[in-house]
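Here subunit A shows up in two complexes: once beside subunit B, once beside subunit C.
Presenting the complex of A and B:
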């Protein structure tokens, strides 16, 4: 039951994240949406590892089934790469803001069509 | 072109369905206890990320280091016209940083060293160390802290940590020796690498805007 609730929450998070990613025009909001969607994916992986009445995957914590350790290992990778790529993407947003003076995607596209305004 | 894309997509779906359907025999997966015992660990997740999936972790660290280099070089290209305002000193933050820094560093070392026995490992320890640096940066100001901890040495330490992780994993994979000592060494190096990477991000973003 907890596993199902976590899966539902993960799907909701991914939905919210992608909604923000598509609808918002500000680049930083888009990155935030992408990060929320990544959080949903991470929660989904953790929910996959869940088994009813499971204990943490550490030897010697008592009897009973242990949670699947492989998704946990995958999640560790996902979190680190998520943080790293977010930092790099923010650097690009800083660059764009310095040079084009906007974070609005629509304005960026319009300027791209008309030619960039000369400073 | 469209037909080609449709065929490719359908083929992908068919491959997925074939993989899920159970036509092919599944490889036997050893139990978590066996994996942990084989690598001299009690934390099965640590045994997986530093043992069975060592290559995965290695390239993850490489991706992390590459993005940190990207952040460093990318923000170095920007020139800021306004000089950055100096950070106001707050005695409260100074005192709490003095009090908390030691326990945080000790706890981070504990998490790194005991990562193969319980919850923990190199990545959380690195995040903790990065938090300690963030606390110091809040108390002292980023530029002063950067001058005090001698940034170029830190960069060389980061590259050194990457080289050491590569050497350690190479030796581990070639020799085939397994044991807790390797896991502890790998966890400590990963903690160092992650902490320095976090510091690089913090320092570059803060010195680009003068906040923190």
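Presenting the complex of A and C:
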């Protein structure tokens, strides 16, 4: 049952994240939405490893069934990648803020159409 | 296998050390190491699990790996020759990027491909933005966000497929003969396809591609269109090997081919125009994959990497020198070397014999059904018509610096000659006549279309995300409905 609840939560997180990414106009909000969606995908992988009554997949915790270790290994990599992506994207948001004095996507797009006039 | 992995280690190690000191020497060293390792493993090697463990990462030296290694090494040599004065982080970044692409070409594990695709997106953003121009940073940021959305979908699909089949190795998946009537598995496969298609730049999923490739600095565009996009094609090829998704790829290919072409026909910015052509040419590769003609698609990918790299290099030189991006004002300002490079590239992409495009199109059409050949003719016609815009540019004014252009010109001509001589039926008068006729008709089409100015829809950032998600739902639906 916990597994199913976690899957539902994961799908909800992806939905909330993509919704924020689409409707918010501020670039930082958009990036946070993207990160929430990625968190949903990660939670989904963790939920898949779940088995009823299982222990964490660590040697020495005693007998009995353990959770599937492979998704856990994948998730560690995915978390690091998401962190790196967010950090790098924020660097370029800072660059745009310094040069255009805005984080609003619509204003950036309007400036793009007009050939980037001096702010 | 040890030889191939040590080649990748040479690339990553030299690239990382290059951030500290001697970037150019270390980059050259990486190229040498890569070439030696390629020479050692070149006949190919069967699939091995790295580490020898049952859950190790599967790598194999198959034809796709060999094609991508050849392409990557040629492009790296070109870049090294072309950027002789640069002293910043450019060389180490390109070295690591090419190393990641070479590693992805060897990998036969879907999660490993995910990690490498993500690594190439991050490096590509840094390289696109390396000119510190606002429009390049903005195009690069949109690229990263869209690619990340695609890769989130990919990760979700990965989970579904792993949950159902318990493995992520392409060979093991293909061995199980997956049955897509299981809805959870079909959704997972659809999400994997959609995610890889975003990264590749398939039409309506990868709308970031033309701007990101067009706004990037010259050498970076060469690498992006030359090899980074091809890693997405490799991923799609692996997926089509593991799952029966040929029909979906065929439909995506036709849509991509004509969609990219429609925008290219009326684009005025020279480099963005070439970016739209990358989208359109992806159509050929996807149709090849969809038809099950893996070798044809692979050779087309290599040929496209060579001639599109040449086109971006020459176009970038012209744009940087003149300082204008539109096609018309560039006329009469090109140096002879740039005009020759642009001319050879344009003839190759239009499919004139005996250049690389002609050989690749011949290989792809070889054994394709009649309707698919009709699609190829129509795409070739449109390509020739849109490249007819460049004809006024070939009035060179004095010689200019040569840079890395000769490497790619030689590669395009050699690939074309080799393909034409080796493939049966390409030396016939009929094949040459057809190719020349298509180009002639294309020029006629250009003259006829000159007065037409349709308003094609343009997508902003938000709508790109929406179109990406809707198109992904469409891909998932196609897979789930069993259009197989």
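Everything that follows uses one rule, which is that the second predicted complex is superposed on the first by the 118 of 119 C-alpha atoms of A that agree within 3 Å, B and C clash if a C-alpha of one lies under 4 Å from a C-alpha of the other, contacts with A are read in each partner's own complex, and residues count from 1 in each chain.
Definition applied: a residue touches a chain if its C-beta (ideal position, glycine included) is under 8 Å from a C-beta of that chain, and two chains touch if they have at least 3 such contacts.
A quick note: this is a predicted structure, and the numbers were derived from the prediction, not measured.
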Fit or clash between subunit C and subunit B when superposed on subunit A: clash
First, second, both or neither for A:108, with subunit B first and subunit C second: second
Touching partner for A:81 - first (subunit B), second (subunit C), both, neither: both
Which superposed partner A:70 touches (first subunit B, second subunit C, both, neither): both
Of subunit C and subunit B, partner touching more subunit A residues: C
Which superposed partner A:56 touches (first subunit B, second subunit C, both, neither): first
Which superposed partner A:94 touches (first subunit B, second subunit C, both, neither): first
Touched partner set for A:19, first subunit B, second subunit C, both or neither: neither
First, second, both or neither for A:31, with subunit B first and subunit C second: second
Clash with subunit B (superposed arrangement) - responsible stretch of subunit C out of 128-136, 200-208 or 254-262: 254-262
Subunit B and subunit C footprints on subunit A, overlapping residues: 70, 77, 81, 84-85, 88, 92, 95
In the complex, subunit A residues that touch subunit B: 56-60, 66, 69-70, 72-73, 76-77, 79-81, 84-85, 87-88, 90-92, 94-95, 98
Complex interface listing, subunit A residues touching subunit C: 14, 18, 21-23, 27, 30-31, 34, 37-38, 40-42, 44-45, 48, 70-71, 74, 77-78, 81, 84-85, 88-89, 92-93, 95-96, 99-100, 105-106, 108-109, 112, 116
Residues of subunit B defined as touching subunit A within the complex: 32-33, 35-37, 42-45, 48-49, 53, 56-57, 60, 63-64, 67-68, 70-71, 74-75, 77-78, 118-119, 121, 123, 194, 197, 201, 204-205, 208
Subunit C residues touching subunit A - in the complex, by the definition given at the top: 55, 111, 115, 118, 121-122, 125-126, 129, 132, 134-135, 137-138, 140-141, 144-145, 148-149, 152, 155-156, 158-159, 162-163, 460-462, 465-466, 469
